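What follows is chain A paired twice: with chain B in the first complex and chain C in the second.
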Partner chain A sequence: MAELKYYIIRRLATFIPTILGILLLVFIISHAIPANPARLWAGGEKAKPEVVEAIKKKYHLDKPYHIQFMLYLNDLIHGDWGQSPMTKRPVLEDLADYFPATFELALVSGILIMLIGIPLGLVSAFKRNTWIDHVVRILALVGVSMPVFWLAIILQWIFYYELDVFPATGRGISPSHVYTGLYLLDSILSLDWKAFIVNLQHIILPALTLAFAGIGVIARITRNSVLEVLSSDYIDFAEAKGLVGLQFYRHVVKNASIPVITVLGLQFGMLMAGAVITETIFAWPGIGSYTVNAISSLDYPAIMGSTLLIGLVFITVNLLVDIFYAIVDPRIRF
Partner chain B sequence: MSELLRVEDLRVYFYTYAGVVKAVDGVSFTVRKGEVFSIVGETGCGKSVTARAITKLIKPPGRIVGGRVLFEGRDLLKLSEKEIRRIRGKDIAYIYQDPSSSLDPLYTSGYQIAETITVHNPGTKLKNALKKAIEILRDVAIPDPVKRARNYPHELSGGMKQRVVIGISVSNKPKLIIADEPTTSLDVTVQAQVLDLLQELRKKYGTTIMLITHNLGVVAEVSDRVMVMYAGKVVEIADVYTLFTNPLHPYTRGLLSAVPNPLEKIDEIKPIPGFVPDMINIPRGCRFRPRCSYATQRCLREPPLIEVEPGHLVSCWMYTGGDE
Partner chain C sequence: MINNVKSYIKTWKQRNEAKIKEWRLMLEVFKRSPLALTGLIFVTIFIILGIIGPYITPYDPIKIEFSTMLEERLQPPSLKHFFGTDEYGRDLFSRVLAGARVSLMISLAVMAIAIPVGLVLGLIAGYYGGVVDEIIMRITDVFLSFPGLVLAIAFSATLGASIWSAMIAISLVWWPGYVRVVRGQTLSIKQSLYVEAARAIGVSTSKIIRRHILPNVITPLIVLATLDFGSVILVSAALSFIGLGAQPPTPEWGRLIADGRRWFPEKWWYTFFPGLAIFFTVLGWNLLGDGLRDILDPRFRRKIEFKEGGK
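Up next, the complex of A and B:
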């Protein structure tokens, strides 16, 4: 396990160049847009020239790009993520408000993917080439190919307009105490069951929308990796040894889990990034809709900040997946 | 010697899209207690399928369509899946060809031996089974067994992995070990060591061994009796000395002259002409007929397996006597 500790430290060190790369890319893409952000921030066409000048100075827009980037990095190292010219608040505070909503949505979607996708894949694998298998495979295909915006609207139409069982938009109500910003968790912690029910009702449709494609992907990956393990020699040998029940299936599950966890990790990153459309349709007050607003108003600090945060989550999840590998698979040593 | 296993008219067919493959078609033989009984034949002759069918380890599209497998008088083919599982790995243990793929890469060698013990001895604690696993590793001549028990398969050499597999198979002191090409994937020097080990364990535990191989050298070295298979059929059964000195079936003769005999000076190696038949469109009558230089009209009918001298069975019209 000492090896594992050094591995984690080394992997954490590789975060730095990755983050720098992300920042540089986003900086170039956002600043490459031929626009006049200072005037936009100052209020548009009717903005007074002196206000525009003041803004340019404040945000260093009068300096060359590479200097701007260096200044941004310098602030970042000192813990200052900049101030949003649109909300007039520090970006970090904005993110602290919006990020938990997205994280909660991604978390619930991730749980749905696991709870629905993995069992579907298992059923499909163990009942191979039966009608159940065919149904699951078609569902998986549909799940992967269905456009998110279309699915979101269909779900709203069925469950809100027609059946009226779930609300169409919003995040619900704030629980009586906010500890983590994750409403569901906070409602449990503060024993506020009314808030828990309301928030659960609100999160179901967007979480399902977000999870749909992932469920299909995970079901397929689970099916394929279980089938591959079942056809391996060591499973033949395990049968020849007379292994039964848990003693038999632990060989199947452990070996099949490796590709499934890999894809789950990637999926979680996609959930964070892919929340933009879902959040917009369901008016979910998360980082996705915040970022969309930031982009449309050329809010550089907000764009940089939210990308940085999503990037950090993405690489952290990847690190967790790699640590999982190291624990499960003894062949992986670093 | 008394009889341990009797296989009667065993038939295993594979139902593929291309047609029915009669991989094992009416195979009968007996294995006596304490002996090494070898099954020889080319790839695809049905020897591995025969071995696996003994404990019903046949997966779809394969199916055991007929025959009896009497083990200590009990027909194993009539047992339920639950009952046969109690026999696999306990009374009848297997050794498979490639030790690198027979062992689960994610579990230690010690655990993989220990689980075989706990599954057949309910109530045994895993901790005690692991201790026993170390003794077994010592038995199969693995140096530093305490450390090796904690090793994962990828940390062991090919020979050591096969020793672990052998350790798994002897862990419940089985009455019969079915070793399916146990040395094929190993280096020549390691092959000899593994064969020696099998012999040693046989003496120590009094186990009967059924050895499946295509290597006649291995057969000559370790077996008591040999069965030769061709295209899903038994062609000849004899004790090892008789088979090598007085082979009767043209296929057996062909096999023996296709490998160099170190005891005799030979000018050339004679391969058997032709190819193994397509198992979906098997030749009518004797399956070796298209490749046999003695074939006549009567070979269009299937030859019976007859005992030409005590313990020497052959399936060829040349030895049926008078029936011209």
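Up next, the complex of A and C:
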């Protein structure tokens, strides 16, 4: 296990420069690209001159870039992610309020992807080149070709306007006690079943929209991974040894699950991004809606704050996936 | 003169016999894949519309006819207006046709910027290695640490809402993926025996890169770029949908859907048809890319060759 420890340490060591790089990139987008960042942050052309001056002073925009970057890092570490002109509140507080909704949506989508995508993939691997396999292949292509905002509108059309089985917008009702900010979990914890049902009805359409592309991707990965395992020497050996039924499938599933779980992990990061568009259509009060509202009111501190947050979540998920990969697959330690 | 040309073609054919056989095989594989052919048809239609679309529209896609605006506004699909009309009485079929050009322009511009940048940086990183490689790859890592759409939104919002800023923003997000692929491919070919042999007999570096590495890098790059064409169209439509990218009155598919949402679902055609246009275009690129991957994968090609036997 010593090797594994070194691998994890090495992986963590590359994590730190990447975080610094992310901070630098967001700094460049917000400080160096716009001709006059202070005016931009204050809300563009119609900003009052005294507000622009105050921002210039507060964020040291009169100093050289490298000093500005150091001061920017210092502000971030001390929890000052800027002030949002739209909500008149610190960006970090806004993000903390909106994040749980996005996280919950991504989590439920991830679960949907697993529950639908993996069985589809297994069926298409074991029934290779039958019509089921072809349907799954086409479904995967359709999934990645569908504009997510259009899919969302079509789903609203069918399930709200025509069938009226799911609500079109909103997150439902707040459970009687809020512990984690994840409404579904909180309503279970506070035994508020009415809230649970209502919130479940609200999350289904946005979660399905967000999961749609992932279902096909996971189905394809599962299929290919199972086929690869089935054609491997150790499976030939297991068959020769006389393994049948459950014991045989245990070998297949265990080995085929590694790439599937890896891609699932990476998909989770993509779900956070897809949420930006999905949330706006379903009026889901998460980071995505927050960002898009910020764009229409030219609220740059908010846009940069959520970009930074999504980037940090994304690489953290990737790090966890890599470490998981190294733990389950002993071949990956170099 | 003509004889000269003829004999030249003949010797060229003799010299490149293996290559020609390979191409025939590729064509054969392609012809057998109905999905790839469908993709090619969709993509061809999209490109033709992108070039001539604005000239063949039955009505003006941008100008508002104020004289007939009131009776023509928000009409459902009919023989006169295949896709119905918008709130200014403009023909949506014309606007969707003209929209192909905007999508084609943005995705071509992104490819024209991202591919050369990715190719050059990837070749340098892969071939020279060392500190240069380390620096290039760390920068690439940082760009890839964001989901593409999120970073594109940040760039595009900062640069201001316009088609040009969308092009630049998406290109800035797209090049790192190509660096990765080109570098990986370069690394593996650099270690092959024929490159080593070429170096041993004193072939210059630039010639090694041109003659041995580049041809091997191009293949995976073409497949990736074809698949990415669809993704770029999706991202640019998403940018316009949230108010960045193309601005009115430019007919852009994502923008049309955003405008049509106000009238949804009573005037469903306003959002429905532009979405269908995006979907089929992106699907076309994905089908074509998927097919190309099969064709250009030598393992897959051999399988067919062996199955055919001595034919």
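As a working rule, the second predicted complex is superposed on the first by the 275 of 334 C-alpha atoms of A that agree within 3 Å, B and C clash if a C-alpha of one lies under 4 Å from a C-alpha of the other, contacts with A are read in each partner's own complex, and residues count from 1 in each chain.
The rule is short, and it goes like this: contacts are C-beta pairs under 8 Å (C-beta built on N, C-alpha and C of every residue); 3 or more make two chains touch, one makes a residue touch a chain.
None of these values were measured; they are calculated from a predicted model.
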For the combined arrangement obtained by superposing on chain A, do chain B and chain C clash, or do they fit? fit
Touched partner set for A:242, first chain B, second chain C, both or neither: first
Determine, under the contact definition given at the top, whether A:255 touches first (chain B), second (chain C), both, or neither. first
Partner with the higher number of touched chain A residues, chain C or chain B: C
Please work out whether A:173 is in contact with chain B alone, chain C alone, both, or neither, and reply first, second, both or neither. neither
Considering only the touch criterion stated at the top, classify A:234 as touching first (chain B), second (chain C), both, or neither. first
Scan A:76 for contacts with chain B and chain C and give back first, second, both or neither. neither
Which holds for A:329: it touches chain B only (first), chain C only (second), both, or neither? first
Which partner does A:146 reach: the first (chain B), the second (chain C), both, or neither? second
Between chain B (first) and chain C (second), which, if any, makes contact with A:315: first, second, both or neither? second
Once the shared chain is lined up, is A:21 touching chain B (first), chain C (second), both, or neither of them? second
Quick check: superposed on A, how many Å separate the nearest Cα atoms of chain B and chain C? 5
Enumerate the residues of chain A that count as touching chain B in its complex and touching chain C in the other. none
Contact set on chain C toward chain A in their complex: 35, 138-139, 141-143, 145-151, 153-155, 157-159, 230, 234, 237-238, 241-244, 254, 257-258, 261, 264-265, 268, 271-272, 275, 278-279, 282-283, 286-287, 290
Give the list of chain A residues in touch with chain C in this complex. 14, 17-18, 21-22, 24-26, 29-30, 33-34, 40, 138, 141-142, 144-150, 153-154, 156-157, 161, 269-270, 272-274, 276-277, 280-281, 291-292, 295-296, 300, 303-304, 306-307, 310-311, 314-315, 318
For the chain B and chain A complex, residues of the former touching the latter: 55, 57, 85-90, 93-94, 96, 98, 101-107, 115-116, 118-120, 152, 154-155, 165, 168
The residues of chain A that touch chain B in their complex are 232-234, 236-244, 247, 251, 254-255, 328-331
